[in-house]
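Below are structures written as structure tokens.
In the two assemblies presented below, subunit A is common to both, partnered first by subunit B and then by subunit C.
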Partner chain A sequence: MASDHIIRKLAFPIGLLLIWELLALVIKSQFILPDLTAVLGVLLSPGSDVMGGGSLLDNALISLQRVGLGFLAATCLAVPLGLAMGRFEPVRDALEGTISALRPIPPLAWVPLGLAWLKIGLLSMIFIIGLGAFFPILLSTMHGVQGVKRSWLEAIAMMGADERRLLSRVVLPAAAPEIWTGMRIGFGIAWMCVVAAEMLPGANSGLGNLIMYAYGWGQIQVVVAGMIVIGLIGLGIDRLFLAIERRWFSWREYER
Partner chain B sequence: MSCCRRVSKDFKVNRLISMAIAMRTLSILSLLVLTVASAATALDEPAPTDQGPARIELVYCKGQSLLPMLLATNQIDGYVAWQPCLAIAEEGGIGKVVAYSQDFPPMGTWKNHPCCVLVASGPLLREDPERVSCLAALIMISTNWVNDNPQEAVEISREWLMGDRNYSLGSTSLPSQQVFLRSFSTFRFSSQPNQEWVRSCHSLISSMTDLLNTTEGLQARRLNLSSFYDLHAYGRAEEAVNKTRRFILSPRERRIRMGYLMIDHQAPLFVAIRRWKQFQEGYGIALRPQNEEMKRPELFDLLVGGVKVAEVELVATATGQSIMVLMEQDCLDMGLVGITPALGAISLGCDAKIIMPMQNEGSGLVLAADSPARDWPGFIELAKARSGQGRPLKIADPDLGTIADVLFQSALRESGIVGVRAG
Partner chain C sequence: MMLALKGIGKDFDQEDGGKVRVLDGISLEVEDDQIVAILGPSGCGKTTLLRIIAGLDPASRGEVLLDGLRVERPSPRVGMIFQEHALLPWCSIIDNVCIGLEMRGVAREEAKEKAMLYLHMVGLEKVPDQRPHELSGGMRQRASVARALTMEPALLLMDEPFSALDPLTRKQIQEDILGIQEKAGKSIVMVTHSVDEALFLSTEIVVLSARPGRICRTMNIDLKRPREREGPGFLENKKEILSLLEGLARPLPERG
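Right, the complex of A and B next:
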């Protein structure tokens, strides 16, 4: 029954909230565990300024703007590169080693170089966020392109298609679901990067910045409210990606 | 061709083709957006404004470490900070101090303003006020010693903070000795909460109320200004140091965790540690490191008349704010912090009190070495001119709510300039 389904989905989160409130009552310190009402108070007035650090809403929008731009930059670079690496073995051989070596470096480790090369400002943020999103998208694209069914490629080649048509009519669309998954993962990583990058010197605004600022003044309820907003935004966007995937790529199920 | 069309239907290539087109347009759009965004950030100029008050852009940097580098690479026009950051700019030849904080307008308000103070948590003050006085007395003795022996104090601080290292500014290396000598000459050490100091505190509280929108906090708790400090501990400490040379301490031993900052303003602490034997002999109170081999010991025995009365744990933190938050979270009992983090935290409900001053003044405004401004009025003139041209001055700031920031923004308001947070 639909209502059972809903109850099951809501039971755990509601249970957590109850436990939180109970613990807060027991611990009795706003600095160790702020109570639910304090956090809700912050969440329900997202437009009000936090001690001169800007409002929750403003800072969320700034973080979203940064992540959006960084993500786009990463996509524009990773998809063509992944395509090339997936289709042409020489390219793959040339780049794979370097890519694999660079991939484990956490984007935040690039912050000092990013600030030094690109100065304080939007561009260095885009660089860090772009780095976070780049590798998942690149690898998924490459993998998706490599996995395109040979039979499809042969069929189109038989009909006399040149490489360009091959790429645009078959390869790219066939790899699209996997590219999209890579983009979804990449966005998740980019979102984590933006918040963490904002906690470091070099950012004056954004959710990560607001959280560290509020912590400095002991406003832990703002910290928790900020964390909830970060989680909700991440969840929302992830769901958006999934919804689009269901709509565009349902044909995958026919692919047997 | 009919065969293609048949193939199309079978493989649902129609859908794939539209996918391809969608992808292509998406990538073109993204490239467009990216170009626009890059152009936008590259230009990065705020709109010229003739109306309204003159503005400068404040770049908050979460600490002082980036400030000299930013100035040296021309990303900012200047910065406000506390020592030794001002000395670094001068020693490195990249900037000049156009005004020290005690000279910020309104003239005379900030003379001898508090900077670093000793704070103690409410619980410790209620449970064991005598031990608090003990440590206060030690800092008091040390502060006086620093005033009497400035050269040695500089050397001890330098050794504690920098060891063998020098400050590096890009590829230049600045001898830390020079930096500290210059820095020390610009501020004062004093443990006396005299009238000037108290008045300054009051002015700071009202400046902070405006800056941080904390009026609600203050009003809600109905604090009066003397809720911020507890001078009884100071009184007992002073009595002990100058008259009785005795403390009446409960026998139960105790661990006191004290936070401090790695800046030369806190020289009295470093002196108390390095010269503990001298203090032991001369004053009967000392902070003896448990492990003398360590370069920067963390655990100490607090000795009064040769008897251990407490174990003291020293914790270096990055900011005064962290110390206040850690005190509220019951991770620290006392701290040597900047006054504005202390005032701010207490007004927002932190259960702590300011015990005693330690160091006053020592902040200022630095502008690039080749800047036309030479003093505060010159700076204001420059700020107004640049604002009118649509290129407001970019001044970096360690963090909102630090002493340098509060004084600077208060002075800006006084001079009719609005500080706008950048990016």
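Right, the complex of A and C next:
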């Protein structure tokens, strides 16, 4: 049965690779669809420089560093704000409308303003990435805090807890699983934002930039290899978030 | 310890802007070592009354005095056992029981030692490191009793604490409560649906009328302990209370 499961999971991606390779053989143009071996060649030597645009590995690390900074900044702002909004109705009333209106604006639409305010460089990147991660973290923190069981709060309040203690002993740990889910979703969006931001004029490094750079030189196999690396890194980090979630928040499965 | 309720009344706001009178003119005194059971038809405001005594909800009229001081907010002098155990699911049993002591500034080791004493008292000394979800319903409720006792409250409030337990566990835990009450010398005010439970435990039974809840009968129960649930005095009292409750119950939805 277990092998059945594995076959089911692998059948589609393997089929996809086969079709890709067949199409590549038919099309016979590296500029439209590079064949598997060409892409594998790029993937298997991640440390080698791509025509002066830096290596796959170096650029991936740069992108990761950027997304890490932006994500961290977003978390540091969104979690406390979400706590305040979830816990105190006046704060929620004051901010919720504005936030609901700002949220649908795609982070990339902020690029012109980001560049005007922060100039081309790391700061404007962090701004764009942070915007992507900010809203999911904020909203799930708020919902998590609002969903804390009243009896937990009251039981601890009965033992003489003040607001600070309630926050640290009950609200934060009780909302942590939902905050974590928001961070996971936020990271996914931030990762998409970093690659997109790196494709914009003015960027000169990162995976997004490498893809555009390689495209300019007609190196489509590098473009595809870069896309695969972006996908795999996103997948890996998502799995990491999930694994930690299962480990830390197992108690949640027993709560209705 | 002396608890005095003076003309307690409570109104709930309704959506149409009107008010519903839930409790009216409740005056009651509870002295040391008394166990008072509050009985009444569904929706008569029993739980509301208990929450007012706990300082969790404000009264609309009247006042609650504990040793002459007005109760306006939750205080460690009053312990509360909730209908559902209200243990924090991410903490082990010992951490749940320690939490009040730690908030009071007791050092971790000392708090643990003290918590173990109370876990002994409720028969949970073997499971301090389990999580709440790993215990049975009865054990969880025992743990929340231990947690409340660590604060050495003068008064213990119980809101239908055993209603979710199976009959056997329920009987056992009722007996244990009596033992604990004798050892620790607390006064207890409890809300219950069960006439049996009220008769088995209490020194005084207060019967509330249907909404708005008013005291319609106060009975001193001076049956000898241990009480025989099938004994003649027990059954006689039970009949009387049941017929009183039947008269009070209106054909309304089950729970309230």
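To be clear about the criterion, the second predicted complex is superposed on the first by the 255 of 256 C-alpha atoms of A that agree within 3 Å, B and C clash if a C-alpha of one lies under 4 Å from a C-alpha of the other, contacts with A are read in each partner's own complex, and residues count from 1 in each chain.
Please note the rule applied: a residue touches a chain if its C-beta (ideal position, glycine included) is under 8 Å from a C-beta of that chain, and two chains touch if they have at least 3 such contacts.
Since we're looking at a predicted model, the values are computed, not measured.
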Legend entry - Which superposed partner A:L61 touches (first subunit B, second subunit C, both, neither): neither
Legend entry - Contacts of A:A161 with subunit B and subunit C, given as first, second, both or neither: second
Inset, instruction - Considering only the touch criterion stated at the top, classify A:P173 as touching first (subunit B), second (subunit C), both, or neither. - result: both
Inset, instruction - Have a look at where A:L43 lands relative to subunit B and subunit C in the superposition and call it first, second, both or neither. - result: neither
Inset, instruction - Answer with first, second, both or neither: which of subunit B and subunit C does A:W251 touch in the superposed model? - result: both
Legend entry - Partner chain in contact with A:G121 - subunit B first, subunit C second, else both or neither: first
Inset, instruction - Name the contact category of A:A84: first (subunit B only), second (subunit C only), both, or neither. - result: neither
Inset, instruction - Figure out whether A:T75 sits in contact with subunit B (first) or subunit C (second), or with both, or with neither. - result: first
Legend entry - Greater subunit A contact set [subunit C / subunit B]: B
Legend entry - First (subunit B), second (subunit C), both or neither touched by A:A196: neither
Legend entry - Overlapping contact positions on subunit A, where the subunit C interface meets the subunit B interface: 152, 155, 159, 169-170, 173-174, 176, 251, 254
Inset, instruction - Sort out for me which residues of subunit A touch subunit C in the complex. - result: 149, 151-152, 154-161, 165, 169-170, 173-174, 176, 249, 251-252, 254-255
Inset, instruction - Note which residues of subunit A are touching subunit B in the complex, please. - result: 29-32, 49, 51-54, 69, 72-73, 75-76, 79-80, 115, 119-123, 126, 152, 155, 159, 168-170, 172-174, 176, 200-205, 212-213, 215-219, 248, 251, 254
Inset, instruction - Over in the complex, which subunit B residues touch subunit A? Could you list them? - result: 4, 7, 11-13, 15-17, 19-20, 22-24, 27, 30-31, 33-34, 37-38, 41-42, 44, 59-63, 65-66, 70, 73, 75, 211-214, 319, 321-322, 324-325, 328-330, 341, 344-345, 348-350, 399-401, 421-423
Inset, instruction - Would you pull the subunit C residues touching subunit A in the complex into a rising list? - result: 54, 56, 74-76, 78-80, 82, 84, 86-90, 99-100, 103-104, 131-133, 144, 147-148, 151
